[in-house]
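The structures come next, written out as structure tokens.
Both of the next two complexes hold chain A, though its partner changes from chain B to chain C.
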Partner chain A sequence: MTAFASLPATSGAYSQGPAVPKTIKVSQLNHYFGEGELRKQALHQNNLEVKRGEIVIMTGPSGSGKTTLLTLIGTLRTVQEGSLKVLGNELNGASRDEIVALRREMGFIFQAHNLFESLTAFQNVNMAAELADMERGLAKERIDYLLNRLGLGHRIHYKPKSLSGGQKQRVAIARGLVHSPKLVLADEPTAALDEHSGREVVTLFQELARDEGCTIIMVTHDNRILDVADRIVNMVDGYIRSDVAVHETSVICEFLRQFPLFSDLSTSTLTDIADKMMVQEAVAGDVIIRQGDPGELFYLIRSGQVDVIIDEDGAANKVAELGEGQYFGEAALLRDEPRNATIVARSKAVFYTLGKADFKDVLSRSKTFVDELRSVLASRT
Partner chain B sequence: MFNFNNTPLAWKNLTHDWRRLIVAVAGIGFAVLLMFTQVGFQNALFDSQVKMIDDLQGDVFLVSRAKYTLAAEKRFPLELVNQARSASGVIGAYPLYTELTFSRLKSFGMGAPSKAFPIRSIGFRLDDPIFNSDRINSQLQKLRLPYAALLDVRSKRDNFPFPTESDEELAKVQAELADRKIVMVGTFDLGTDFAHDGNLAMSAENFAEYFPQRKQFGDPLSVVDLGLIHVGDKSQLMNIRDTIDQLLDDRVFVLTREQFRNQEIEFWDKSTPIGIIFTAGKIIGFIVGMVICYQVIYSDIADHMPEFATLKAMGYTTTYFLRLIVTEGVLLSFVGFIPGLIASTLLYALLADSTGLLLRMTPQAILMVLVLTVTMCIASGLLAVRKLLAADPANLF
Partner chain C sequence: MKTPLAWKNLTHNKVRTAVALAGVGFAVILIFMQMGFKGAVRKTATQIYDALDFDLMLRSPSYLHLTEPRSFPRERVYQAASLPEIALAQPFYLGLSEWQAPEPDDAPLDQYSGDWRGIITIGVDPHAPAFRREDLREKSTLLTDPRFVLIDNRSKADFGPQNGKRFSEEDIGVETALGSGRVRIVGVVTLGTGLAANGACIANYDGFARACPWQPLDEINFGLLKLKPGVDPQAAKAQVQRLVAPMVAPNSMAPAASSTPADTEVLTRAEVNEREEYRWVVQTPLGKIFNLGVWVALFVGVAIVYQVLSTDIANMMGEYATLKAMGYPNRYLATVVLQQSVLLALVGYVPSIIISWGLYLFVGAQSGLPMVMTWQIAVTVLALAVVMCVLSGMAALRKLFQADPADLF
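Then we have the complex of A and B:
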């Protein structure tokens, strides 16, 4: 049996199996600003994995380090301590040429549009296409497509001076996307946009992520676009406080809701539970729990199948088979008894586990206020 | 170096703000004008030092070895001219006499200064082909008279206030050369230089009358200042020069027109402060241009720091930025050079008209100033590019 006690279930690392390529892998990353006595640590022990095609939204108060992390990922700052792999390249100690080559595979969208006033919208976008050595015809087609998609079809040959703030921002977005980057780093891309064009931009992001496998990392405070996130990373004071795969968390919540004791819990409580669950992996034949052992964990099957075997008077009887979305191990925790059955993995399987203390803590909360009130009133008589 | 398929960012940035472009063009044009003025004056002054050589006929010249410049009164015996005539390939050799030390002209006309001023007297045998100028050659008959001389119309006005507009008026003016009566029977056009404020041309016979002191004992015409030699076959010029050189003794240099001219210019350029003064003038023009050009490129960079930083983030390399700025420098130098050249040509015409200096726009001068301008703009671009390379894309987020 292989345990990954350090990997949270909501990280989503196992939702599609570990084989999905990682665009970004941050491990034990520290970053400091200043020198000598003024030296201040901006990032503490950051760990983060982002898969290909994921849309990640980074949130957190200003000064929390999210921008620092973004510039480090974007090769715009030099990695000081720890490891940072972007598109398969280790950035710690990377050469100038490697960094330039890597930058050309990325798209940057800054909060300020930074367009050349002397160039038209088309020419500004074309600066990025030329760098990628795109064939002229193809580049023109793609620029036209992007600017049209972003609602600037009629302003393609206008200079920034005759564009509104939002239009300029959309030109800058097109410039960040024109060369089909593998990774897009965006800082408040929708801040200057109205709701409709903001929606258009994030829809475009989703299409790129889905169709071109483009990974997108956004720093945003715009709550209107949180729904496009595959993963939400929250940073506080240089620490990654939570790193949650949105889809995986909703899958876990759905699974948990099927457990009768949890069925009346609110979504936010379920999300809290999901956050506390850890990943555990097993191969066929592994014994997950053994009859008679003390019970420590509650198990949710994420993938694979298990056999439930009860040992009665020396004879092992298989009493059930459990599959994806089902759970086991709750009885021992509820009654503080030893395990009443043995569970053996039938195939390669992934479980999400919840510790005994957390499990009991949740149960104590599952009694709703009304239930408690009723029992109080009932006992008065 | 210049990829015409790509977005011409250098050109676009340069021409985007037309106010700034006009300032840049005016500034660089001014620097170009400064440099052209220096080059023009230098060439004009050097040209005027050798104007007499240019006005003389002859393919090879005999010059005393001691005569380091035309104004140095170092002479050699007439026999050497006669000897040169016997060299093969030579079809004629003629003496030319000049005098400055004893040659003082005083006018007794109305409002004339009471002082006699030095003027160069040029004496020649009237039958010899000495001058190119038709203006002189058509008045040779008048010069046969005693006391007759031609006055250079470009002689310094303050010293020689003669009515050169009319020959009749001029002939009536009472004047003395070396304390003897002189009659100005006509005019010619030679020009002044650093050493000479004016010129008189006269027959060798009259010349001998005015300046008998040239040679203490004997014929004043037996010592000559220049020997003018005509050769038959111009293509054999160098061979004939060598032949004459071998024939004559070491008292004279035998020089082709080109060599003579260069020797004279070299004297003024290298042995007097004139060359240094004009070089300093050119350097000042260069520096003025560089400061202006630096200012233009620097402010273009400073105004576009976030944009350039964005380009850096996108993966544009240092090489790209260097090219961009060099291109901008070259473009600036051309857009500044053309109006500068036009303005200089106009100024040349204006100054030539008012000063009588020979200001000519030669291809060499144009090329030299163009090279200086391009160098100046590229150099200032490379000074300014450090600012661009310091653009930090990490500050953009």
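Then we have the complex of A and C:
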């Protein structure tokens, strides 16, 4: 059995299995600004994995380091300490040529539109298409498509001077997307946009993520678009305080809600629980818990199956099979007793585990909890 | 076809581009004028020689420049004429005399000051004038009397033409004083004197003797030798040299062919032009002033173009940084800026050469200086304009390389 004490369940690392390629892998990344005595640490041991096709929203107060992390991922700053892999390239110690080549696989959308005043919307977008050596007809088709999608069909050949702030921002977005980048880094892409065009932009992001496997990382404070996030990364003071896969968290919450003890808990309490769970992995035949051992963890089965075996008078009897979404190990925690059964993995399996202290802490929040618990246990054979 | 970003940037901000072009144009016109003046200095030195018909020239070794030619014995010319290579040998007189501005017909008495002006006086043989140009030879035949002169219409207005501007047909017949005697204008020619003097006139030998009485006619200023067809000037020069100005070998025990120092030197036409240019362009401050003027103009141009380009870059820092973030290499950005520089140079050059050409004509007409737009000047200035703009562009590039895409987030 393999335990990943450092890998939280809500990171979603195992929701689609470990085989999905990682666009970004940040490990033990530190970053400093300034020199000598003025040297100040901006990022502290950041760890982050982002899968291909994921939409990540980074939040946090200003000065929390999210922009620093974004510029590091975008190769716009030099990695000082730790490892940062983007699209399969280690950035720590990467050469200038590698970085220039890597930048062409990315799309940048800055808060300031930075369009050339001398070029039309089409020509500005075309600057990115030319760099990617797109065939002209193809490039024209894609530019027309993107600008039309973003509601600028009638402004394609206008110069920035005759465009509104929101229109300029949308041209800049089209420029960031035209060359089908594998990774898009966006800083407040919807800040200058009204509700409707903001929605159009994030819908476009979702399509690119789904259809082209484009990974998108956005820094935003725009609550209207939080719903498109596959993952929300919250940073405070240079630490990644939480890194939550939205879908996976909701799956965990659904599973937890089926547990009668938790069924009355609010979504936010369930999310807190989900946040505290860790990933464990097992292969067929692994003994997860052994009858008679002290109980330390509560288990939720994310995938795979297990056998419940009770050893009575020297004879092992399989009493049940448990599968995805089911749980075990609660009894020993509640009663502070040794394990009352042995659990063996039937197949390759992934569990989300909750520590004893956290488990009890959750339970104590509900007054009726202990009573409920007893009835649950009583009804169980 | 890539997006012509440099061109678009220039055509977009028309005011700034106009300022840049005005700067380039200003500098280019300045350079053109300096080069024109320098060219005029060079021509000053040689344009009278250019009008003369000779292959070899005899002159005094102590010759300084055109109006300080010094003199040497006339026999040297006849000696040289005895050589079989020589087809024709002629004395040629040139000196500075004094010209009194003639009194205009209708001038009130109290307004005629009769100012005296230094004038180049040339003495020729009216039957065989040593001029190359047909019109000069023809006019010279009019000099049948020592009191007759031909006046150069490039002479300044203060030499007293009747119309107050320049000598023309209406001045023919006018009498005035040249040196110590009275003369009559019998013709008008176009010669040009450049910077050496403000006017020139031509007389016959005796007329010259009257104008410059301090110089006896058996002391001449130049000996003009014409070679027979097919004779090599260098070989002929050596022959003449041996005859009229033998070199004395310093250690030779044998008695020298001539015991006195040589009073004559022999030069080919190329050497004459070369020495005269050297004298005016290098030995006098004139050439240096104009060279310095070119440097100053270049510096002014670099400063203006740098200012415009760097403002341009500063205004587009975000855009350039975005290009860098997109993966455009510095090399591309440098190309854009340098293209802008070269475009400025080329576009600024075209009107400048037209304006300068007009200025050449104007200044030439006003000052009598031989300002000529040669293709050498045009090409040199074009090259300087491009160098000037590229230098400014390169200075502005440093700013561009500082564009940091990390500042964009």
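One rule holds for everything that comes next: the second predicted complex is superposed on the first by the 367 of 381 C-alpha atoms of A that agree within 3 Å, B and C clash if a C-alpha of one lies under 4 Å from a C-alpha of the other, contacts with A are read in each partner's own complex, and residues count from 1 in each chain.
The rule we apply is simple: contacts are C-beta pairs under 8 Å (C-beta built on N, C-alpha and C of every residue); 3 or more make two chains touch, one makes a residue touch a chain.
These numbers were taken from a predicted model, which means no experiment stands behind them.
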Looking at the combined model built on chain A, do chain B and chain C fit side by side or clash?
clash
Based on the superposed arrangement, let me know which partner A:270 touches: chain B (first), chain C (second), both, or neither?
neither
Name the contact category of A:177: first (chain B only), second (chain C only), both, or neither.
neither
For chain A, which residues belong to both interfaces, chain B and chain C?
67, 70-71, 74, 76-77, 100-104, 106, 108, 110-112, 114-119, 123, 126-128, 130-131, 187, 219
Across the complex, what residues on chain C touch chain A?
2-3, 5, 8-9, 11-13, 316, 318-319, 321-323, 325-329, 404-406, 408-409
Can you list the chain A residues touching chain C in their complex?
67, 70-71, 74, 76-77, 100-104, 106, 108, 110-112, 114-119, 123, 126-128, 130-131, 159, 187, 219
Please give the residue numbers of chain A that touch chain B in the complex, ascending.
67, 70-71, 74, 76-77, 100-104, 106, 108, 110-112, 114-119, 123, 126-128, 130-131, 136, 185, 187, 219
What residues of chain B sit close enough to touch chain A in their complex?
5-7, 9, 12-13, 15-16, 304, 306-307, 309-311, 313-317, 392-394, 396-397
